[in-house]
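Two complexes, one shared chain (subunit A), two partners (subunit B, subunit C).
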Partner chain A sequence: MLHIVNKSPFERNALKSCLAHALAGDSVLLIEDAVIGAVSGSSIVTELQQAINGNAVKIYALSPDLAARGVKAERVLEGIQVVDYAGFVDLTVANEKTQSWL
Partner chain B sequence: MKYTIMVNEGPYQHQSSDTALQFVRAALAKGHTIFRVFFYHDGVNNGTRLAVPPKDDRMLQKEWSELAEKHGLDLVICIAAAQRRGLMDASEAKRQGLSADNIAAGFRISGLGQLIEGGIESDRTIVFGD
Partner chain C sequence: MAKKFLYLNRKAPYGTVYALESLEVVLIAAAFEQEVSLAFLDDGVYQIAKGQNPKAAGMKNFSPTYNALGDYGITQLYVERESLVERGLTEEDLMPIVYEDENDEYAEKPSVQVISRAEMSQIMAEQDVTLSF
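Moving on, here comes the complex of A and B:
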């Protein structure tokens, strides 16, 4: 299953809720303001690392939205994969179900 | 793969109308089919032809219309959401006794059943919104 989160984790708790519900093998795509959560060293890192390393959840972040917010690839938390819109489409193909955490 | 896209946010709220448009472009570029784009809540504001944004601003309404013409997209606006926000096609304006309509080219007004049908007919339904 693909989870899409579009709000900053420092504004709403959608990402935290999503990470608490995501199951092993699920993918979580951060888009729009949610990409701020992908920055290495932020206060959401523990939850993200737990999801990636402890729970076998794959985390992705949308590259144009990272670029729009001045986040360069080297500042993205290790273990998060950066994808463009074509990669976004591929994720929706690879996952039969998609849930947007609005 | 066949997609239905739902847009719940207007062009001047956050970013989701832009994201939806970019996603549709990327899906089409990969050879996928867009069965329908359904505009709901403030998303219906993507479908007015009377918006006049500043010249240096993007104009999503026009971009949707152009994309619809190029790829034969079915852009559907929810009627109840549209009525609340003053989005009218000619027949609806006439039925309501209004002096003008404002729906942009390529859009049509219909009901929520179109979203449900889109979900049934498509392989994937992707929601963009606030």
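Moving on, here comes the complex of A and C:
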């Protein structure tokens, strides 16, 4: 399953709730303001690392949305894979189902 | 073949239009004879809270409509226990939504099932289509 989150974790609880429900093997793609959570040192990092290392959830962040907000790839938390729009398409193809967290 | 549709409700009613829009789409979808269930988590649990009265706030109370879902064959309303607890709520704070079981002499049965976060994850995983509101 591919989970898509588009809200900042500092404004909404969508990312936290998503991470609390994602199952092992699921993927989570951060787009739009959700990429703010991907920055190394942000306070959501604990939950992201728990998902990546503890629960075998893959986390992705969309590069055009990182770039739009001035976040360089080296500022992205280790373990998060940065993908472009083509990568976004690949994720939707690779996952049979998609669930959005508004 | 009927597909499993889950309507995922995560926002409180009245503050935004999501809850009402979700309910309207659910009623439309019911006409297409798919296997429809509703999930209420995070602030979404307030959508089926007892005693809603938005009159003084100038809005229409649409909460009685949830009682009609059973007549449309929608009998599975999943509520996440952790979301209730986080908000100081219990199952007693929810509307007693029921349906008539046509396979059991139209006995009234509860539509609301309070489940754990882990069970909610499983229910999400079992769906063909999930629509988020």
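Definition applied: the second predicted complex is superposed on the first by the 102 of 102 C-alpha atoms of A that agree within 3 Å, B and C clash if a C-alpha of one lies under 4 Å from a C-alpha of the other, contacts with A are read in each partner's own complex, and residues count from 1 in each chain.
By our rule, a residue touches a chain if its C-beta (ideal position, glycine included) is under 8 Å from a C-beta of that chain, and two chains touch if they have at least 3 such contacts.
All values reported here derive from a predicted model rather than from experimental measurement.
By the touch criterion stated above, A:86 is placed in contact with subunit B alone, subunit C being left untouched. Shared-chain residue A:1: touches subunit C; no touch with subunit B. In the superposed model, A:100 makes contact with both subunit B and subunit C.
By the touch criterion defined above, A:20 reaches subunit C but does not reach subunit B.
By the touch criterion defined above, A:50 lies against neither subunit B nor subunit C after alignment on the C-alpha atoms of chain A.
Once the two structures are superposed, subunit B and subunit C can be ranked by residues of subunit A touched, with B on top.
Subunit A residues in contact with subunit B (one complex) as well as with subunit C (other complex) are 98, 100, 102. Remark: subunit A residues 4, 6, 31-33, 64-65, 84-86, 88-90, 92-93, 98, 100, 102 touch subunit B in the complex. The touching residues of subunit B, counted against subunit A in their complex, run 1, 3, 8, 14-16, 19, 22-23, 25-27, 29-30, 32, 124-130. Residues of subunit C touching subunit A in their complex: 8, 10-11, 18, 41-42, 117, 120-122, 124-125, 127-130, 132-133.
Subunit A makes touch with subunit C in their complex at residues 1, 13-14, 17, 20-23, 97-102.
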